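Read from first to last, the chains carry the letters A, B, C, D, E and F; within each, the first residue is number 1.
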Amino acid sequence: MFFHRQELQFKAVPDEPDAVFARKLQEVLGGQYGEITVAMQYLFQGWNIHIPGKYRDLLFGIGAEEFGHVEMLATMIAQLLEKAPVGITDEAVQSDPAVAAVIGGTDLQHAIVAGAGARPVDSMGNPWQGSYITASGNLLADFTSNANAEMQGRVQVARLYHMTDDKGVRDLLSFLLARDTMHQNQWLAAAAELREQGVEELPTPSNFPLSNEHREVSYQYLNFSDGQHASEGSWASGPTPDGHGEFSYHEGPTTTAPMPPPTHPDARFYGTTELPNPMEKAAGTAQDKMKKE
Amino acid sequence: MFFHRQELQFKAVPDEPDAVFARKLQEVLGGQYGEITVAMQYLFQGWNIHIPGKYRDLLFGIGAEEFGHVEMLATMIAQLLEKAPVGITDEAVQSDPAVAAVIGGTDLQHAIVAGAGARPVDSMGNPWQGSYITASGNLLADFTSNANAEMQGRVQVARLYHMTDDKGVRDLLSFLLARDTMHQNQWLAAAAELREQGVEELPTPSNFPLSNEHREVSYQYLNFSDGQHASEGSWASGPTPDGHGEFSYHEGPTTTAPMPPPTHPDARFYGTTELPNPMEKAAGTAQDKMKKE
Amino acid sequence: MFFHRQELQFKAVPDEPDAVFARKLQEVLGGQYGEITVAMQYLFQGWNIHIPGKYRDLLFGIGAEEFGHVEMLATMIAQLLEKAPVGITDEAVQSDPAVAAVIGGTDLQHAIVAGAGARPVDSMGNPWQGSYITASGNLLADFTSNANAEMQGRVQVARLYHMTDDKGVRDLLSFLLARDTMHQNQWLAAAAELREQGVEELPTPSNFPLSNEHREVSYQYLNFSDGQHASEGSWASGPTPDGHGEFSYHEGPTTTAPMPPPTHPDARFYGTTELPNPMEKAAGTAQDKMKKE
Amino acid sequence: MFFHRQELQFKAVPDEPDAVFARKLQEVLGGQYGEITVAMQYLFQGWNIHIPGKYRDLLFGIGAEEFGHVEMLATMIAQLLEKAPVGITDEAVQSDPAVAAVIGGTDLQHAIVAGAGARPVDSMGNPWQGSYITASGNLLADFTSNANAEMQGRVQVARLYHMTDDKGVRDLLSFLLARDTMHQNQWLAAAAELREQGVEELPTPSNFPLSNEHREVSYQYLNFSDGQHASEGSWASGPTPDGHGEFSYHEGPTTTAPMPPPTHPDARFYGTTELPNPMEKAAGTAQDKMKKE
Amino acid sequence: MFFHRQELQFKAVPDEPDAVFARKLQEVLGGQYGEITVAMQYLFQGWNIHIPGKYRDLLFGIGAEEFGHVEMLATMIAQLLEKAPVGITDEAVQSDPAVAAVIGGTDLQHAIVAGAGARPVDSMGNPWQGSYITASGNLLADFTSNANAEMQGRVQVARLYHMTDDKGVRDLLSFLLARDTMHQNQWLAAAAELREQGVEELPTPSNFPLSNEHREVSYQYLNFSDGQHASEGSWASGPTPDGHGEFSYHEGPTTTAPMPPPTHPDARFYGTTELPNPMEKAAGTAQDKMKKE
Amino acid sequence: MFFHRQELQFKAVPDEPDAVFARKLQEVLGGQYGEITVAMQYLFQGWNIHIPGKYRDLLFGIGAEEFGHVEMLATMIAQLLEKAPVGITDEAVQSDPAVAAVIGGTDLQHAIVAGAGARPVDSMGNPWQGSYITASGNLLADFTSNANAEMQGRVQVARLYHMTDDKGVRDLLSFLLARDTMHQNQWLAAAAELREQGVEELPTPSNFPLSNEHREVSYQYLNFSDGQHASEGSWASGPTPDGHGEFSYHEGPTTTAPMPPPTHPDARFYGTTELPNPMEKAAGTAQDKMKKE
C-alpha cells in the first residue's frame, strides 16, 4: 500500500515563471529516463522479485521515494507555467516577437490540454509508456539497468542545470543530482553485493550452463568495421571480467554459414514465387484446393 | 557505409517448422532488448561519439555485427513459418483442436501481413520503436546501458532455449548466448577502462562539479517503505563506489518542504478556481478583456 | 454507409494565414479529445450497440456530424498554412527573427510531410490512435465517457479561442463551442434517460449482483493522504448517488492483508533466487533436466 | 511524498496458477482503464489543481489508494504465473495439446521478458501510456472523466469475474468491484457538489461567455443519419440539463457553407497544381527564385 | 459533410460465430492497410489537395465509400463475436481443451474491453494510428501510395479468405476483393492520367530542377551486397522509366568521402571527450563559467 | 552479414551549425519515409523473399546502401548541432530574442537526451517504429510500396532543400535527391519487369482466382460524394489497367443490404440491452448461473 503526505521532500518553487523550461523539465518527469520510469521500474522489480529481505526492501524503499520526485517535478512545472505567457496573451504581448519566440518553444498541450499543468510526457510531447521500464526477475541484469537509468537521469539533470539561471529551479535540480549520485552508487553497490555473495555471477544469467553455449566464440572480439583501434581496448585481449576466459581479437567473423535458400510457404499466402506462372507448379495442390473450395 | 555479404555468421536452419516459436523468437529480434535495439543503439552511439579511436571503432565494429544477428533471426523465423500451419490449413487440419491451439499462439500478422515472413515487432506484436535505444554521448552511462542490454538479451535467449527442443534452433541460440557472453564482458571491460584511464568517473557525469549538488543527501539511503532489511545492504553503510563518501541509513526523508499553494493561472484556461463565481474576483482583469474581445 | 457532400456545416475561412495557430488547432482535430476521437467513438459505439432504436440512431446521427467537424478543421488548417511562412521562405524573410520565432512554433511536418496540409495528429505531433476511444457496450458508462469527451473538447476550444484574434477562426470556434454545448447536454440527457427508464442503473454495470462485491467497503471513503479536508465533502457522509448506501469516512485502509511471500517460478526463467548457489537446491530438478538436455 | 507499507489492502492470493487469466488481469492493471490510469490521473489532477482543500485532498487521498490496487494486481499476477506452464515445460507436458492451448493464450512476455512477473501492459500486450489520462484543470470535466474511468473499470472487472472460477481471484475482484462502486459514487457526488456550490456549471467550462458561441445551434439535435428514432429521445425536445435552453430536432444541418477553394501554397512544397506544366505559371516567382538559388 | 444511411453496401452476416476469425478480421479493419487507413488517407488527401475537379472528387467519392467498408467489417466482427465463447463460458465448456484453444487465439479486449464488439485495432491488438496514412499534396506520389495500399489490402483479404470456411464471411470478402480490384485499377489509371496530361512527371516531384541534383549518380545501380544477379535486372541497364537517362551497374559506391572527425559540442552537455581530465582543457571556458555560476 | 567501412558515400559536412535545421533533417532520417524506413523495408523484404536471384540481390544491394544514408544524415545532424546554441547558452546569449527563437524550434531531446547528437526520431520527435515498413512477400505490391517510399522521400528532401541556404547541407541533399531519382526509377522498372515476365499481374495478388470475387463490382466507380467531375477521369470509363475489364461510373452504391439487427452477446458482458430490467428476460439463464456461482 502507498500513503501520501502533503509535503515535499525538497523545496520546489521557481523564482520566475518560464514555460519553455517547464517543457524541458518534462523530460526528467515523463521521459525515457524520467522519474516515472524509475519509480515504476523499481516497484515492478519489487513486485516480481523472488527473494525476501534486503533486496526487496531496497526496491520498495527507493521506488516510493521516486514517486515523490515525480510529485516535486510536477509541482515545479505547474508553477513555472502559472504566470507564464503560454499562448493566451494580451494583444499587446502577442505582437511582441520575444513572446512569440517563447511560445514557439513551449509544450502546446501544457496550455491547450492541461490548462497550465504538468503532463505525463517527455520534452517533445511523447507520452510516457510502459515499454520504458525493465523488470526481468534477474537482479544482476536489473540492477545494471537501474544503474544505467540513474546515470542517464543524472546526465540529463546536469544538462538541464545549464539551461536555466533560475535559483529556485537550480536548487531543486541540485537536490535531484545528489539523489541520483546516491542511487548510482547504491545500485552499483547492490550489484557488486550480488556477485560477492554468490547470488548472481557473470555472464548473466549465470546459472545457465556455459557448456550450452558455443564457447569458442564467447570471448572473441569480431570486428565488422574497418576501424583498426578496437584491438587496443581491454576487450580485445587479457582476462575477461567474468573470470572464465581470455579476450581475443579477430577481423570479421570467425564462423560463417551459407544463407538458407528462400522459403516457399503455402501458395495461398500469395507471395511471389519464381515461376512465370506461379500457380502451375509449386502451388499445384493448393490451386486445386482453391478450385474445389 | 555498410556492405552486405550473402552469408550468415552462423547456421540458422530449424529442424522443424514451428509458428508458435517463430513468434516467441520475435522478442529477441524486434523487442525492447532485441537485436534491432542493440544494432541501432551501438551505431547511434558511434555516430554521436565525441572521440576518435578505439571506443568509436568498438561501437561500429559491434554495431555492424548485430545487424547480422537481426538477419540470422529473420532468416530463422521465415523458415520456422515456412511449412507451419499458420492459419491457412486444409479442412481436415482445421478441425483438429491441436492445430487450433497452435494457431492461437501464433503472431497473426506473420500470416496475414507478412505471408509467413519475419516482422520488426516483439513477441506480442508491438512494433520496434526508436525509444528503445540509448545514446547520450556520455560513454560511461551508455556502456552501462549496453551492458544491461546484453544482460537482458542473454536472459531472454536463455529462457527461449528452454521453450524449444528443436536442435537447429537451439544451435543458433547457443551461438547467440556465446556472443552475448562476449558482449557483456566487453562492455563491462570498456566501462572499467573508461574509469581506469580517467576518461570518466562516478557519479556520471563526473565533470559536473559535485559542489553544485546538495551533498548532504548524496550518500543517504532514505527508506520510504517499512521493510527493515534494506539497512543490511552494502548501500546503507560503508564507503561508496564513487570513492567520495560513506553511505548512511535513514528512515524516511531527511529533508522536507511544504507543498506550495495551488497555482492560479490565467482565468482564460478555464481551470476551476475556489471562488463561487470564479469570474468575479480572481479573473477580474481577464474577464474584462473577454468582454472587450 | 456514408455519403459525402461537398459543402461544410459552417464557414471555415481564416482572415489571415497563421501556421502556429494551425498547429494548435491540430489538438482539436487529432488529439485525445479531438473530432476524430468523438467521430470514431460514437460510430464504434453504434456498431457495437445491442439495442435498436433511439440510442443507436443517436450514435449514428451524431457520429456522422463529427466527421464533418473533422473536415471543417482540416479545411481551416490547410488555409491557415496556405500563405504562411512554414519553413520555406525567401532569404530576406529567413533572417528576420520574428519569422524564425514563428517557424519555431509550427508543426514541422505540416511543411515537410504534408506540404502545407492538415494531418491526423495533435498539437505536439503525436499521431491519433485507436486507444483514445471508448466503446464498451455498456451505454451508461459510454455516455458518461461521451459527456466527458465533449466537456474536455469544449474546454480546449475555449482555450484556443483566446489564442487567436482572427475573426474567421473565432467564428468557426464559436460554432464548435455551440455544438459542444449541445452535445454535452445531449449525452447527459441520454444518460439520465437510461436511468429514468430503468435500462441502466448505478453502480455500472448495474446488473452485476451487488452481493458479489465486498459490500462493507462499497461506501467507505478511505483516506490515503494526510489532507484533512476530504471528510468535508459530500462523498464522505450522507446518502450515495446510487441510492443504495451511506458514505462513511476513514483514515487509511479498513482492511489489510499480509503481502504474500515472493514467488518462486521455474528455475529456467533465470530469475534471481535467495540461494548462494541458486542451482543447487531450489532448481535441483530443473538443473538435472538441463544437464540431460 | 509517498510512503510504502509492505502490506496489502486486501488478500491477493489465487487458489491455483493460471497464466491465461494472468494475462487477462493485465487489462485492469495496465490497460486504458486499469489501475495505473486512475492512480496517475487522480495524482496529476491533484498536482495541477488550482484550489486547496477538500477537492485536492480527495484527489491525493484516492490517488494513493489506487497505486495500492496496482500493487495487489501485480502481486496476484506474479502468483498466477508462479507455477503455471508459461512456455517452459517438460517434454511430456509440451506434447499435450491442452498445454499448447494454454500457452497460446498467455502473454508471451510474461515468460520471455519478465520471467513470470507482472508487466505495465494491457491484456493484448500494449504498454501503458501517458495519453490514457485526463487532467485538464477543469474539475467538472475531470470528475466526469473520473466517473467514466470508474464505470469502465467496474464493467471490465465484472467481466473478468466471469472468466475465472478461482475463489482467491474472485475474492480480490469482489473487493475491487466494491471500491469501484465507492469511487463511481464519490466522483458523481463530487461533480454534483461542484454544481451545487456554484463552483462549476454546465456547459463546461461555464465561465466562457455563452454569448461568444453561436447560440442558434446550441440546443439543436442535427440528424446526420437516416434513423428516425433519435427524435424520440429526451435530447430532442424539452429543457436542456444546463437549464439555459430547449432541445429541438432537425433533419441534417441547419447551417451550411460552401467548401473553400483548394489551397495554393508555395510552389516549393511540390504539391500538385492544376496546370499542365505546373512550373510555368503559378510557380513563376518561386521557379525564378529556385534558379537564382 | 458526411451523411450516414442505416444500410450496408453489402451483406455482412456470418453463418457461424467465430471469435478467432473476428480477431483476424481486425487486421483489414484497423491495421496498417485496413479500411480505416484508406478512408482517412483519401479524405486527408482530399482536404489537402490544391486543384479542384476530378481528382478531388475522386478522393472524396472513394474516401466516403471506405468508411462504409469500415462499417461492414465492424458489423461483421460484432456478429462473429455475438454467440462465440470469448472467455465467458460455462464450467462445462471451460474445461474443454478445444474451447481453451479457441480462447487463446481471440482478441482478449474484444471480451474484456468491448464486451463482444469491434475495436479500432489490428489483429495483434495494436491501436490504429495516424502515422499509417500518407497525404503529401503531391498527387503522383500519393496515388502511388494509394495503389500500394489497395494492393497490400487485397493481398491480406485474399489470405483471410483461406482462413475461414464460413460462407457468409467469404461472401463479404469476395465483395471487398472486387472493390480492391477496382481501386487498384483506379489509382493506377489516375496516376497514369497525371503523367499523360503532364500534370506530374517522373521523378517525383518533377518540378524540382534536375540540375539541382547530383546527376552523375541519378541512374547508377550501386551494389552494396555481394549478390551477382542484380546486374541482370532492367534496373541495371537500358533506358530509365523517367525517360531522362540510362541505367548503369556498379559494384559498391562510385563516390566516397572521409567520415568527418567526431563532434565536440559544449562541455556542459557532459558527453565523453578524449582527455584524461575532460574539464582541464577542452572545457576550459565552460568550466570557468560553471564555477562562476 | 553486414560490414561497416568508416567512410561515407558522400560528403556530409555543413558550412554552419543550425540546430533548427538539424531537427528538420530528422524527418528524412527517422520519419515515416526516412532512411531507416527504406533500409529496414528493403532488408525485411529480402529476408522474406521466396525466390533467389536478381530480385533478392536487388533488395540486399539497395538495403545496405540505405543504412549508409542513415549514417550520412546522422553524421550531418551531429555536426549541425555541434556548435549551435541548443539550450545551453551563456547569459548574454540567452537574453537574445533571436536565440530564444532558434531554441524554440529545436528538438529539445537533441540537447537533453542526446547531448547534441542525432536520434532515431522524426522532425516532431516521434520515435521511428516498425509499423512504418511494408514487407508482404508479394513483390508487385511491395515494389509499388518501395516506389511510393522513394517518391515521398524525394518530395520531402526537395522541400528541405528550400529550407536551408547552407551549401554543405544542400550538397548532401542534392546527392540524396539523385539517389532517390535512381531508386524511383529502379522500383518502377522492377515492378514493370515482374509483369513483363509474367511473375506477377494485376490485380495483386494475381493468382487469386478472379471468379472468387464479386466480379460485377470489380470495375465500377461508385461515387459517394456529390462532386460531379469524377466521371471525367480515366477511372470512370475505358479499359482497366489490368486488361480484364471496362470501367463504369455510378452515383452511389450499386448494391445495398439491410444493416443486421444489433447483437445480443452473453449477459455477463454487461452491455446494455433494451429491456427495462435487462436481467429478467434476455439474461435469464446467465443470471441463474450467476446466482449459482
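FYI, a residue touches a chain if its C-beta (ideal position, glycine included) is under 8 Å from a C-beta of that chain, and two chains touch if they have at least 3 such contacts.
Labels paired with UniProt names: A, B, C, D, E, F = Manganese catalase.
Just so it is clear, the model here is predicted, and its values are computed rather than measured.
Novice: Which other chains touch chain A (Manganese catalase) while also touching chain B (Manganese catalase)?
Specialist: Shared contacts of chain A (Manganese catalase) and chain B (Manganese catalase): C, D, E, F.
Novice: In terms of C-beta pairs in contact, which of D-F and D-E ranks higher?
Specialist: D-E
Novice: How many Å are there between the centre of chain E (Manganese catalase) and the centre of chain F (Manganese catalase), using C-alpha atoms for each centre?
Specialist: Their C-alpha centroids are separated by 6 Å.
Novice: When the centre of a chain is set as the mean of its C-alpha atoms, what distance in Å lies between chain B (Manganese catalase) and chain E (Manganese catalase)?
Specialist: Centres of chain B (Manganese catalase) and chain E (Manganese catalase) (C-alpha means) sit 26 Å apart.
Novice: Counting only residues that touch at least 2 other chains, which ones in chain A (Manganese catalase) make the list?
Specialist: 1-9, 32, 48, 52-53, 55-57, 60-61, 63-65, 68, 75, 78, 88, 97, 100-101, 103-105, 111, 113, 115-117, 121, 124-127, 129, 131, 136-138, 140, 155-156, 158-159, 162, 165, 205, 208, 212, 224-225, 227, 253, 256, 263-265, 268-271, 290
Novice: Could you draw the chains as nodes, link the ones that touch, and say if you get a line, ring, star, complete or other?
Specialist: complete
Novice: Quick check: in the complex, which residue numbers of chain F (Manganese catalase) touch chain B (Manganese catalase)?
Specialist: It is residues 1-9, 30, 40, 43-44, 47-48, 57, 60-61, 63-65, 67-68, 71, 74-75, 78, 113-121, 127-131, 133, 135-138 of chain F (Manganese catalase) that touch chain B (Manganese catalase).
Novice: Can you tell me which positions in chain D (Manganese catalase) touch chain C (Manganese catalase) when the two form their complex?
Specialist: Residues 6-13, 32, 52-58, 60-65, 68, 75, 78-79, 81-83, 88, 90, 111, 115-117, 126, 129, 131-132, 134, 136, 138, 140-141, 144-145, 147-148, 151-152, 154-156, 158, 161, 174-175, 177-182, 184-190, 192-193, 202-205, 208, 210, 212-225, 227-235, 240-242, 245, 247, 253, 255-260, 263-266, 268-271, 289 of chain D (Manganese catalase) touch chain C (Manganese catalase) in their complex.
Novice: Please name which positions on chain D (Manganese catalase) make contact with chain E (Manganese catalase) in the complex.
Specialist: Chain D (Manganese catalase) reaches chain E (Manganese catalase) through residues 20, 23-24, 27, 31-33, 97-98, 100-106, 122-126, 155-156, 159-160, 162-163, 165, 224-227, 252-253, 256, 261-265, 267, 269-279, 283, 287, 290-291.
Novice: Could you list, by residue number, the parts of chain C (Manganese catalase) that touch chain B (Manganese catalase) in their complex?
Specialist: Residues 155, 158-159, 162, 165, 268-270, 290, 293.
Novice: Can you check the complex and tell me which residues of chain D (Manganese catalase) touch chain B (Manganese catalase)?
Specialist: Chain D (Manganese catalase) residues touching chain B (Manganese catalase): 1-6, 48-53, 55-56, 87-88, 91, 94, 97, 100-101, 103-105, 107-109, 111-113, 115, 121, 124-127, 136-140, 194, 197-200, 205, 207-209, 212.
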